[in-house]
Amino acid sequence: MRSGLHEECGVFGILGSDKASWDTYLGLYALQHRGQESAGIASFDGKKIHTYKRLGLVGDVFGDPDIFDLLPGKIAIGHNRYSTTGATTITNAQPLTVTFKEGWMSAAHNGNLINASSLRKGMESDGSIFSTTSDSEVVLHLIAKSQKATFEEKIVDALSKVKGAYSLLFLYDGKLYAIRDPHGIRPLSLGRKGDIWAVASESCAFDILEIEYQRTVMPGEFLVLEEGKQPSSSFPFPKPKHYAGCVFEYIYFSRPDSFVFGKAVDLVRRKMGRQLAREAPVHDADAVIAVPDSSNTAALGYANILKKPFELGLIRNHYIGRTFIKPVQGERDFGARIKYNAVPGILKNKKIVVVDDSIVRGTTSRKLIRMIRDAGAKEIHFRVASPPIISSCFYGVDTPRREKLIASQKSIEQIKEYLEVDSLAYLSLKGMQGIEELREIGLCMACFNGIYPVE
Amino acid sequence: MRSGLHEECGVFGILGSDKASWDTYLGLYALQHRGQESAGIASFDGKKIHTYKRLGLVGDVFGDPDIFDLLPGKIAIGHNRYSTTGATTITNAQPLTVTFKEGWMSAAHNGNLINASSLRKGMESDGSIFSTTSDSEVVLHLIAKSQKATFEEKIVDALSKVKGAYSLLFLYDGKLYAIRDPHGIRPLSLGRKGDIWAVASESCAFDILEIEYQRTVMPGEFLVLEEGKQPSSSFPFPKPKHYAGCVFEYIYFSRPDSFVFGKAVDLVRRKMGRQLAREAPVHDADAVIAVPDSSNTAALGYANILKKPFELGLIRNHYIGRTFIKPVQGERDFGARIKYNAVPGILKNKKIVVVDDSIVRGTTSRKLIRMIRDAGAKEIHFRVASPPIISSCFYGVDTPRREKLIASQKSIEQIKEYLEVDSLAYLSLKGMQGIEELREIGLCMACFNGIYPVE
Amino acid sequence: MRSGLHEECGVFGILGSDKASWDTYLGLYALQHRGQESAGIASFDGKKIHTYKRLGLVGDVFGDPDIFDLLPGKIAIGHNRYSTTGATTITNAQPLTVTFKEGWMSAAHNGNLINASSLRKGMESDGSIFSTTSDSEVVLHLIAKSQKATFEEKIVDALSKVKGAYSLLFLYDGKLYAIRDPHGIRPLSLGRKGDIWAVASESCAFDILEIEYQRTVMPGEFLVLEEGKQPSSSFPFPKPKHYAGCVFEYIYFSRPDSFVFGKAVDLVRRKMGRQLAREAPVHDADAVIAVPDSSNTAALGYANILKKPFELGLIRNHYIGRTFIKPVQGERDFGARIKYNAVPGILKNKKIVVVDDSIVRGTTSRKLIRMIRDAGAKEIHFRVASPPIISSCFYGVDTPRREKLIASQKSIEQIKEYLEVDSLAYLSLKGMQGIEELREIGLCMACFNGIYPVE
Amino acid sequence: MRSGLHEECGVFGILGSDKASWDTYLGLYALQHRGQESAGIASFDGKKIHTYKRLGLVGDVFGDPDIFDLLPGKIAIGHNRYSTTGATTITNAQPLTVTFKEGWMSAAHNGNLINASSLRKGMESDGSIFSTTSDSEVVLHLIAKSQKATFEEKIVDALSKVKGAYSLLFLYDGKLYAIRDPHGIRPLSLGRKGDIWAVASESCAFDILEIEYQRTVMPGEFLVLEEGKQPSSSFPFPKPKHYAGCVFEYIYFSRPDSFVFGKAVDLVRRKMGRQLAREAPVHDADAVIAVPDSSNTAALGYANILKKPFELGLIRNHYIGRTFIKPVQGERDFGARIKYNAVPGILKNKKIVVVDDSIVRGTTSRKLIRMIRDAGAKEIHFRVASPPIISSCFYGVDTPRREKLIASQKSIEQIKEYLEVDSLAYLSLKGMQGIEELREIGLCMACFNGIYPVE
């Protein structure tokens, strides 16, 4: 359960489908967990790019079937966005579609450029204007300004100037371009069904369309998709010393049914729970419970190693509705109680292991634990299936400032006291790094160890 | 996972709270799973009854905090409704508020009267008109026509004429009246926090308000709640031979964190899974998976007995949104894929036990199984944590007609073939009846055995 | 310009049209000026009555063409409602559809029953319940209770018990019933196009459908319309000494392009202006202006007699929008300025006659006059094309209580001072009564002379 | 009555008001007739510019009072937009707010740049991107690229490169900048109330705020408004040979209660009607009617000269509602009948002069005339209070292509036959040019004579 840690978006692109915008809609629907603020689709009809985006959930934004008539063409890209700022606004919704000297282009971006601000300042000095505060607009400016001949070269030229994390999709003149940053920080996968090719942040977007998952797009790989052709692949930038896929994709962001960075999320997440059990067992526990739904897999792994019963001790309410109003004051633990309820029949007089995927600020964990205690748990042993978060992220994860990260301010013992649990343990960094699948990839663990892949 | 079996409503009432309508809103929110078509609240301000009801989810219907200013008073009742008919209409939304010779009264009803239609015809013959097609209006007519002196007596007089299932709440002149039918078909629980008293279909509605669950309201029990007094309890009708609580509350309708008929849903549901494991084990299964979320508990019980790993092999998408549009044609298994996705990492080349809570028509189960098969499962053993449904319900559960119930038309072997599974087993009726908690209550199992408690 | 005087509704019914509900929608649209709070349509498909009603303007309530699929059948009635109470609520929206011993019936009512409350109390004593506070529900109860054999007789039986104003439409079993009260207080007209028959509060509802206006329905006349037959007409009640059509239909309520009570509104309204000019001329006026749009016709008549130029000295803003928010405090004359603006080019240094159709409270007139003064008018002579309103209405017009009627509290001289005009004159009651068309009808002028047609 | 001729927007700006965004809302409300597609406001709070814009009417876009909390500051600009393209989209809504090297700026534009496309192409060649298709974005680019030192100089530098029509407002760092193009094609007026200064397309926007109209902003005049200072005025561009205010502001676009180009619209429009009467009288006409509301003033002028009665022979329905659905097929003259109804009492057996402000395609006029004929008019003499439109507009008026302009394709005699009228006459160009007020201004009459002020 997270409050204070958010991924910023999901991207999806498809080529060769007779109902490209409809397929993109379903792809975005499957990626809804990556961003709930706005949703948008851009399609190319052979002449121009059509764009439709609104604030809201995918299912609501595209709730009128007539919208798809406004998005014709066999090629489309889409984007779900999570707001990182308090202000909810349509301005930064994506895809971002503009005209430039060669006509129309559109971009959908997952990630965060760390030099966007200085690039922007530089271009403003040269007389450019910016309509949004999104990094993607910086990239579009760079492409438009590139002196290179082809759009493909312009993209490479533009991205050679940026630093940071990106999985970027572009739509231009009948082709779909997809590229991951050289460190491979944000994920992107490739799928196929006959002559239809698709790219998506996670492979679960393919499943809903019965598109077959092919493989991960590689760090630094640049794919050009064109109808009637095999995808062309190239690696325009030098290979960095280390790859740096965001480990939080495995811990929390991605759906367990997805492949991300080429590995099954479910499997990795399970192994984290198992390793945690090995490192910090609670041998005489009566039950292991998860904070649903994000911690279910790790909790299962934990319970499995210790041969303890996995139980559904917390029930999550899924019917929150769009305009649910929360009390502004006074009601203790209210936020947690709106989302969860503890099950006394499971918890009463029991020694409980609660497995959560991570702790950010600790405020919601504390409320949850109080609910579990109120439901009668005799002992609560809190286990976190990832290491303590001690550093903020600069690559697209909306972490709070360092001072708000409980693990950067308190010792484990102090956190244990703050949470009012009987014991507390995190998965060790070493334990996490030891997971075979993760070793094969090359991951960024800056939030745990402060080592940033991009200077 | 159900398509074709629905409970019709949730009711909530509260007395003595300074923010009675707000509390009712939260109570209804926790009962949202019992009905998503409409939500409504009626409150009494000392003089008259105010009513607000609309089509939609609780959080959306009451999305504007100003609404609560329109619902003043320290006593309120509320209602969530599930539409049993195709037509979505506000006419039948509850609470139903009317004036009669003594002033204002309002009712919220969970259940179904089997003689409503004949009572209605009789009253129409005498010149009455009906504005809705809801059973509750029949009851309000009967109360208004009663010659008895007090409102309490009028209720008893009215209900002495009806047959069927009801958990009914009434608001009248500063008192909250709550009554269950003598057979106790639909549930109702009593809660308390200091001077505040509340009644609700399930106890989870108390938890969100930190109201303490007291006990079930008994079959046939008539509670009168009045500010500053202890609830008065009476049993105005003769005790029937058998109680007949709806067993489907334990199988599917209620949230696992609730107490229903005085028993923890979670516990009973678990025992069903355990008994199923004893009756129909799959000894060499690689994993047990549930159809989330309703079958999770039973699947856990099943896995637990057989010491097999419980796995999250199906992922449920919870972001469907209000206006999600579905394809009208052609896409195979689409409905299932919108709600669920199978996790290949868990299923591939595995011998899988799938536990579902029940099968109604079988159409969705078939789609789900196909998804699991497509994800690579080697063998699929389908286990149903309740007996075959062979009869329709007349007490408020929206079952399809008998001919649509797959188990009334096909043998187990035929169902197995239809579902394309490697083996199929249901929990035996006897096995279910043997669960200790259920033996203590007295339940209606007409859907399984055709024996109806009310003639 | 009126604030504080409102007609309560418009009714429309049609029979024999293949798109009866669509036609009713357009008819209601043309009658929108008679009520803007809610709109509704009920149609009969040969078996049952379908009803759709919502708060809002006709064009918004029926803004989705799919709605008409929910309203099948060749016969329909519709209703626009103006809220007479502050609370905006759907409960009292019409048509009111109920079931009774003979099946489905629906009613749409324009008018006000003066003994509704006592009838209601009587029926409540006998055990009836009421779901709305509308008079129509009383009538439906009376019909349902009637022992007469046919629906036609039941209507007559029911209406024999009520006193007051009504133009009532009923839908029952393939027939459309229309009846006006014996005094003929509220209007109703009959139209025809081939085999299609229609009734409407005003004939402008026929024009939009190219239905030909036939004649007024007579006071006390009871029409039964049935497909394939000529309308049957009867007069079930004794003829009263005097007819009493509401004179305000000619002064303000009806559209000038309508026939009402068999006379062209435009013509009568014009004659009021002319008579006013004869009675209270301003011989050296520079211009005559109206308070648009309701006073335009009378002002033209006034200007015409005096051979003075009619000018557009006030401009009305028609784009108010549904949710226009008004300042809650402080801004002087704001309400008037939102609706009107004065034209300095016409008014500056001029001696102006302002013709208004009536004065209720006088507050808005005062604000308007101040605007005209601010725009530079040298002299303002206020002329009112109807007599002083001294009594409240009990037949469906939402007049304020007597104490709020400026003419019941102040002398003409005092009103002149309050309004800050250079002179003030009303049309005399005698002058109004002298208009030939009005003499032919028999009108209620109780608001001017306190003589009520129904005791 | 116009279908096919539209002005594109209204602009409003205010400085020095404690409720600048609220005032802008009311100003836009008064300018609603200039554009109904979208409305927007940008305000400057001392640090940054806040922008809120949506599709819809002003009253609906700003229907929630909380919006004004999102628009703080004492200085604001606003914009109403009329869509010139079929596609309704938020992309081009204004004000357009961007960041550039000096920080935030925002613009609101009424007009049309004829070299926008080539400027845009040039900037695209240099690597610029465009997020909208609006001319304003071109201007903002030019400002951002300007090497001049001050914002004021940058504006002048930028506008020195553009050709066409503009009344432009800019918000930048605490100042409000307002400038009209040198030919003065689109209007702009200056108002004041104490220390508050305002600019608006028409003076009616001042009246609603009780701001006093000061004067027209002159062609080519550049006003800089700053709190606590008098407006600074300059004329940065050479004076052209002729001024060229759009004559259609007087014929149709502006509200009659406004001052535009320093003259009262009402007065000019009246004189057009008078001149038309002198040129093309119908001596034995029974009545003169207008096509409401836009032709009322001209019709009055016409009737006045001929001493014929002005009558309200057509009634306009003002309650159309946001989502009014029109029949897609088949119903003859439907569009006209939804908006207008003819009054038989006035028209029957009469010789009628119908005065309209202009004819574009002629299709709606034809429908209206048929309605008047159906209402019984014996003779219909159509008089148009402006000359035949023979050329399209390039300065911001949405005229159809030349081939669709009936007067460019048919002779007067042919138009008369097409419209099925007994006689037809237009105001002569010479007659219009002879109106004293118009002679004083310098106007563009390109739509009548094909002489364009800007090459």
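When the chains are written out, they are named A, B, C and D in that same order, and each has its own residue count from 1.
Please note the rule applied: a residue touches a chain if its C-beta (ideal position, glycine included) is under 8 Å from a C-beta of that chain, and two chains touch if they have at least 3 such contacts.
It should be emphasised that the depicted structure is a prediction, and the values quoted were computed from it without experimental measurement.
Taking shared numbers over all numbers used, the chain A to chain B interface scores over half, which places it in the same class. In this assembly, the chain whose C-alpha centre lies farthest from chain C is A. Centroids built from CA atoms put chain D at 48 Å from chain A.
Rounded to whole angstrom units, the spacing between the C-alpha centres of chain A and chain C is 60. Averaged C-alpha coordinates give centres for chain A and chain B that are 36 Å from one another.
Shown for chain A are the residues that touch two or more other chains, of which there are none. The list of touching chain pairs reads A-B, A-D, B-C, C-D. Against chain C, the residues of chain D that register as touching in their complex are 22, 29-30, 32-33, 36, 56-60, 62-65, 204, 207-208, 210, 255-257, 264-267, 293, 296-297, 300, 304, 309-312, 315, 317-325, 327, 332, 337-338, 341-346.
Touching chain C in their complex are the following residues of chain B: 51, 87, 90-91, 96-101, 120-121, 124-133, 137, 140-141, 144-146.
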